[in-house]
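Each of the next two complexes has chain A plus one more chain, namely chain B in the first and chain C in the second.
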Partner chain A sequence: MVGPVLLDVPLSFMHYDMIAATGRWVGLDNYRALAADPIFWQAVAHTLELAVGTAAPLLTLAVFFALVLNRRVRGCGVYGTILFAPYVIPLVASSIAWIWMLSSNGFVNEVLGLVLPVHGVAWLDSSAWALPGIMLVTIWQFVGYYTVLVLSGLQGIPHEIEEAARIDGAGELRLAWSVTLPLLSPTLLFCLVVSVIASFRVFDQIYVMTGGGPGTATMTLVFYLYQQGFAFLNTGSGASVSVILLAGLMGVTWLQLHMARRWVTYQL
Partner chain B sequence: MVGAVLSLLLLVPLVLAAPAAAQAPLEISFWYGVGGQLEKVIQSQAEKFNHAQPAVKVVPFYAGAYGAGGPMQQKLLASMAAGSVPDVVQLEIHATCTFASKGALLSLDELMAKSRHDRKEDFLQVLTNTACDGKTYGIPFNRSVPILYWNRDRFQKAGLNGPPKTWAELAAMAPKLTQDGAGGPGAKVFGFMPINQWWFFQAMTWSNGGDMLSPDMKKAVFATEAAAAGLQTWVSLIDRGYAQVRTGPTEFLQTIQDFVNEKTAMYWGSAADMGAVSAAKFEWRAALSPGFEGKPLVVPQGGANAAIMANISPERQKAAWEFIQWWTSPAEAAYWSRETGYVPVVKKALDDPDFKAFLKANPNHAVPIEELQYSRAAPPSPKYFQVLQLVQRAQQNVVSNKAPAFETLKSTAQQVDALLAAP
Partner chain C sequence: MTGRRLRRGLAAHAVLTAAAVFAAVPLLWLVSLSLQEPEAVFRYPPRFIPDRLLWSSYPSAWRAQPFARMYVNSVVTSTLIILGQIVTSALAAYALTQLRFRGRGLAFLFIISTMMVPIQATFIPAYIIVSRLHWIDTYWALVMPFVASGFGVFLMRQAFLVVPRELIEAARIDGASHRIILTRILLPLARPTVITLAALSFVFHYNDFFWPLIVTNSARVRTLPIGLATMILTEGAHGTQWNQVMAADVFVIVPILIGFVFLQRHLTPTALTTGVK
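Take a look at the complex of A and B:
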């Protein structure tokens, strides 16, 4: 577990040939080459877009669905199961199904055509829509998982507190804003951190659906790393991307935890 | 006397053991990288080989798709790092030199010279991208060429006779074959669907008089109007609604399905698609790849070589060579071609009476064999398969992302130059 991480750092300072199994030290060359590669910066931007574009909708939807399910409406067990079902499907299988659903004459466009006056766009064949397509699959696949997490957080809120607030005259909105959400905030923080880390690691969907394309429209850091390391056989360059990715993730997570002091309530 | 009996008795286990030892076949592992129907043929062929002779037992193993930079090559790299390599590998042709130039593969020239039917003169024109720095490292295992598939029923309905021979003809026919989807987006039939991969870009560039790399393989030379012309033909058809491309790693399979499901009247694919295309419920035909008016057709070959790993024992190398020779024996080469659509790699396969009868009954299968004469090897640069990945990215930018063709090729050529100049 620790071994590969420790080996990765020196590898990122080398030109290493995997076939001949020989390498030589090149100092910061790999990092300099990355900084000069516009596609690397595209990958950084796409990774951040993907993080925002999946984590934000995932958390919003998860809170919404959890609030609905927590009301114990009729058939909430069935809804819960339907919502959670995608999570247990292998990601590769659902990605293949989504390729067809996102094609110009696919299911997504049929549905959109019913609601909006739009002509079907081939999502994955478009530099503008390919990344949103990847986001859509990711949200569909994982929304049930985060809903379950939020739901368990909701169910952990003691009824007495909510009842006390009601007796004190709090309305539903006031109750949600001043009692439920603050008490839910530790769960939300956990979901936020985990979903952002997961978005940085998105790979299967891109590998199966777009291969990073069209062009470089869905090139993320992880996919860039993969291409450098395995398609172009630039092992050192791949290693340096992974070091950057690790540092970036640690930075983002630290920032989230640091900011959390302002909005996460552990006690009312 | 007693002593003689005893010594005879002592000999019994030896006598029993000796043939047993001779019979225990040497097991060699064979990594292949094709799925579906092709995988079934490979497995049944390996079994046939194991039954045909007692000395060697081939154990076939699916190691992931063999495409350049694909899962199999990653596994192969891992196995080399771990020091436990397979014996025979189905290695993508453009990656053969990549591995050979680093000493990973066994040179086959001496073995070929002594072989019964794997001498260089025994092969059809398929000894392309088998060599590196003047030595041979791969035996053509599965070889295809790009060919055009067309729906004869739809051509007749549109009042068209034959397949297009040039891109200009194709561009003129595609509108007539396009059928607008009156019953929703699912009902539309396109005239043509290209597959936006480097293989086809090579064919169009070469056929229009261009080239990919300079003769010394140090410079990209595909940033020309001639090379851009083919992509521009596609883009123009797509923009006007007469063509469509699929995208992503499964675009090849998706396009074959589109043809079989009559979502397109023509598509430009591989000879190896023939097995899958034969699921179509209409009259379909294969034709030579389209070329450019007044210029000779030039196409690349695709597929894989059988290669023997260098770092295995001599007995294993010998056993691996036995298997490869069996695979390319005329009858087996003919069988493989018949079952898959890949070309039979040795000349004598064409003399096989069964195969002759088969070609007569299935003229579609004769098309790729005819096209072989127009095929040419890709530049044997160890970095060529990396070049191709950059080229494919450029193609996607042109066709899917609507970037201008010539300028995109120009900036890609600069990236390729940098790649080729790097140590």
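Take a look at the complex of A and C:
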């Protein structure tokens, strides 16, 4: 059902009445209104923050867990299953659980209190911590998924190459950094692109946990699109946000693929 | 040597145990809260093991929203979507792998590029189309937009590509039609992929929230995630009954977790290595 996305373009130049199903051309009015709305710019910033704040930890953790799982210790199948399980749960359900993981008396603060001399805040009521809270539930939900992806990438690496490096006297860290990671880089690129696309789509967590708030602290482009298009019935404005979302994501994806030439190694 | 291996093994177990605890704690906390009094969420310090188990939250939660109806809606619409996707993906993959036609490469490129579109960017035009068709608040709106999937075509094509050409040639020489080749040779050989597509698609649509939220407005067609979200957003006379919300959360999660545990042996890892949409 991706075809309709093309209709966003004409709609974004219209004032369209969803109920009467009529519209009139208004040129760039919708875009001008967006550019003049500070909330829109916050949504752009939060979307980018969310992309970095979920993709980077997700990939780091996934590589770490996959390297450990790949040692095939006893019971690694069970560990893998438990780690993957959150992926199949409805995000709405996870978000409800995480509301009370992140409350001021919640588990996250309890655990942090054990290691750090901090008095926990109510994450979702704090404009500084609400967005990291959204990142945390997203990481929890998807870390097992990316671990499985990286693990299958690891298992595609021929044993001979690692054996040869070992015989040449490479230590464990050296082996991981200079041999395994470069051979894994195509998988990592794939995970990076997919996780950034996924971060642009985050919606359920925000709807359930913060409603874009407090204030506009967790307003993202998709949530802004929802408000404009479906809560306020500004169809034209919602369509122009859609166009920007799509163009922005295409730009970001292109940039990642372009930069990939510098760090992705393909096996001969 | 054994001492070093043992230490490394222990370190691996420590890391994996920490990861498993990280994954499991929110779910255990959910179960625990569902069995305590509604105010337990506000208690400081939090109590993990309930004093006594208050099972009454479960029947109350079941009555708070028409959950029986919502189960039916979720399962029926997800199943219809899966069936549609298997049919359309198999036909498209057949054309892309077995037939030669002008623009085949371009068609494939277009199909996989759809996997990169953030789905919500399509919602405004899709909503207008669906409402013009008078499908708002019907199963049609929940099912029809998803019966074709770029991801499904991609997966199925990968599976068809590894079937040896000689097999297809032999069947063709024996006079097999396109329909026979697809249903008797390719699809049975692609069984693991079909199962994986079905499982991933079920998870995605059973869990889907944004689209069902905007195209439904009555309990008659609403799905489980909407029921859950409605429970926290509509406060009763005594505020949100958090133990009931948690109980509802548990009975929405449990069936899909059980399904996952039973099905995971059949999932092909290669199919998982491609993003789902």
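Keep in mind that, in the parts below, the second predicted complex is superposed on the first by the 265 of 268 C-alpha atoms of A that agree within 3 Å, B and C clash if a C-alpha of one lies under 4 Å from a C-alpha of the other, contacts with A are read in each partner's own complex, and residues count from 1 in each chain.
Keep this in mind: a contact is a pair of C-beta atoms (placed from the backbone, for glycine too) under 8 Å apart; a residue touches a chain by one contact, two chains touch by 3 or more.
Keep in mind that what you see is a predicted model, and the values were worked out from it rather than measured.
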Combined model on chain A where chain B meets chain C, clash or fit: clash
Comparison of chain B and chain C by chain A residues contacted: C
Which superposed partner A:Leu255 touches (first chain B, second chain C, both, neither): neither
Partner chain in contact with A:Gly120 - chain B first, chain C second, else both or neither: first
First, second, both or neither for A:Met18, with chain B first and chain C second: both
Touching partner for A:Val2 - first (chain B), second (chain C), both, neither: second
Contacts of A:Thr210 with chain B and chain C, given as first, second, both or neither: first
First (chain B), second (chain C), both or neither touched by A:Phe232: first
First (chain B), second (chain C), both or neither touched by A:Asn105: both
Chain B versus chain C as contact partner of A:Ile96, first or second or both or neither: both
Chain B and chain C contact sites that coincide on chain A, given as residue numbers: 18, 21, 96, 99, 103-105, 110, 207-208, 230
Residues of chain A that touch chain C when the two form their complex: 1-2, 4-8, 11, 16, 18, 21, 64-65, 68-69, 71, 73, 75-76, 79, 81-94, 96-101, 103-107, 110, 140, 143-145, 148-149, 151-153, 155, 187, 190, 194, 197-198, 200-201, 203-204, 207-208, 222, 225-226, 229-230, 235, 238-239, 242-243, 245-246, 249-250, 253
Touching residues on chain B, where the partner in the complex is chain A: 68-69, 73-74, 77, 80-81, 98-99, 102-104, 181, 184-186, 188, 244-250, 254, 386, 389, 393-394, 396-397, 399-401, 403, 423
Residue numbers on chain C that touch chain A, as the complex places them: 8-9, 12-13, 15-17, 19-20, 22-27, 29-30, 33, 41-46, 114, 116-129, 131-132, 145-146, 148, 150, 203, 206-207, 209-210, 213-214, 224-225, 228-229, 232, 242, 245-246, 249, 252-253, 256-257, 259-261, 264, 269-270, 272-273, 275
In the complex with chain B, residue positions of chain A that touch it: 15, 17-21, 96, 99, 103-105, 109-110, 113, 120, 122, 124-127, 207-211, 213-217, 227, 230-233
